[in-house]
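Encoded as structure tokens, here's the structure I'll be asking about.
Going in written order, the chains are labelled A, B, C and D, and every chain counts its residues from 1.
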Amino acid sequence: MPAPPPGPGTLRLRYFAWLRERLGTAAEDVALPDGVATVGDLLAWLRGRSEPHAAAFSAAARVRCAVNQDFAAPDTPVAAGDEVAFFPPVTGG
Amino acid sequence: MPAPPPGPGTLRLRYFAWLRERLGTAAEDVALPDGVATVGDLLAWLRGRSEPHAAAFSAAARVRCAVNQDFAAPDTPVAAGDEVAFFPPVTGG
Amino acid sequence: MATVRVQAADFDIGAEIAAVSAGRADIGGIGCFVGTVRGEAGGRAITAMTLEHYPGMTERAMARIAAAAERRWSLLGCTLVHRVGRLGPGGNIVLVVAAASHRQAALEATGFLIDWLKTRAPFWKKEFFADGGSAWVEGRAEDEDLAARWAGEEGQGAALDPQGGGGPLDPVP
Amino acid sequence: MATVRVQAADFDIGAEIAAVSAGRADIGGIGCFVGTVRGEAGGRAITAMTLEHYPGMTERAMARIAAAAERRWSLLGCTLVHRVGRLGPGGNIVLVVAAASHRQAALEATGFLIDWLKTRAPFWKKEFFADGGSAWVEGRAEDEDLAARWAGEEGQGAALDPQGGGGPLDPVP
């Protein structure tokens, strides 16, 4: 059962694997922060949210991102209504 | 059921695929011909045996050989008691 | 045309291959790869492994990987099945099947599919050790190198952004 | 350790793979290749194919090919099954299975095994056409090239004489 889409003006954030464990949550909806227009902007904002966030997102080389379920880069745009996921490098197969 | 080994002083000759069809036989025992010490010698002798033999063995680039069930080269020795097989390049798999 | 599935249940390798080849006579070769759970990692005995994934994105990514293989090799059949949840040592993790008119295409596509599945589909493994510990498996640089072998053939225009599975998210200044 | 068989009967792919991996947890990847009868050759429809072989030498050659793969890749399992006799379109011809602790070894060994089987084991195919004709399949230069890729790794000292499967028997002066 997919969750309902994020409300107006909000981002759906999702976390997987050790990021999920460290942050203690699998998903949350947040109001699109002022000045956040890209994945890079969002990452900087997330780091400022709390100590656990700063720790989890400090090792940026070990964090990947997807916007609306497509792999994203730091300059990928993010907008209200988007689903943005953060996770470690994938290890399936 | 393997055939009995060739008698003393003889070679067991075996033919496969189109060589077998052209020569009309799958196997024959022949007395080791005088002067035949290698696969190359044997090939020359076989060519002189009959018209069908000359025709079948003329295209040497399309004929392979095994001595005692190991792939052989023109300089591979042959001796009485050996099993010598001629066949086209293999096409299994 | 490709079959792509994510499932908790085990898969039947023979049945999956039969499904690809059933009733057709244009296939000359079928390549297959099965990934299984090894009973140890880094010298520590493993009691179980869990596979987490990103529902929705996973199926999308797998379908894209299959489509990329079908474009490159004119495949006559392509199946990707990946398990999730808890798996024990020796258990099956992933199945790749690629069929083509000739063997070289089938085998190359099989290698491509598993290389890309490992680096471009959102699955994460966690290992549970006999000594009581557990750890998320780290991505291997070697897997990135293997996956990158294929990227050159289509350049950066590939459907899957090579940055996605591979490149780190650069630190924000 | 390898399993090598020549048989008229069909083989069960799932059962052969299960036999390789049953009860062990040291395997991380299993590569597999199945060669099948295509329903046409050179634009002519095929009604059947017969596979002739050299009993005794065939098993010897297959065992050597398997041993060569086991030496190169430290395989944890290796199965070669080749059918002989009359086969219809879509029928299975050959099965190769190679298991190793990591996928790259399993997949490379699978490719090696089928490349060498095709050029270094004494099997011959004859095709029967819908138009009533028949013809022995000619060896393909491409198959020789594929097999030769592997020879460089061990040089001329390989257990299987590269001359054997490949080089022509030179005309005698």
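For this structure, a couple of remarks:
In the analysis below, contacts are C-beta pairs under 8 Å (C-beta built on N, C-alpha and C of every residue); 3 or more make two chains touch, one makes a residue touch a chain.
All figures in this text were calculated on a predicted structure; none of them were measured in a lab.
Touching chain B and chain D at once is no chain at all. Distance from chain D peaks, on a Cα-centroid basis, for A.
Chain geometry summary: the mean Cα position of chain B and that of chain C are 50 Å apart. Averaging C-alpha coordinates per chain places the centre of chain C 25 Å away from that of chain D. One simple way to say how far apart two chains are is to compare their mean CA positions; for chain A and chain B this gives 73 Å.
Among the residues of chain C, those in touch with two or more other chains are 35, 103, 114. For chain B, residues touching at least two other chains, in rising order: 93.
Taken as a contact graph, the chains are arranged in an open line, each linked only to its neighbours along the path.
If you check each pair of chains against the touch rule, the ones that pass are A-C, B-D, C-D.
Here chain B touches chain D in the complex through residues 2, 14, 16-18, 20, 39-41, 43-44, 47, 60-66, 69-74, 85, 87-93, going by the rule given at the top. Residues 35, 51-57, 60, 82, 93-94, 114, 117-126, 136-139, 143, 160-161, 163-165, 167-172 of chain C are the ones touching chain A in the complex. Chain contact summary for the complex, chain D toward chain C: residues 12-15, 17-18, 21, 23-40, 89-90, 101, 103-104, 106-107, 110-111, 114, 146.
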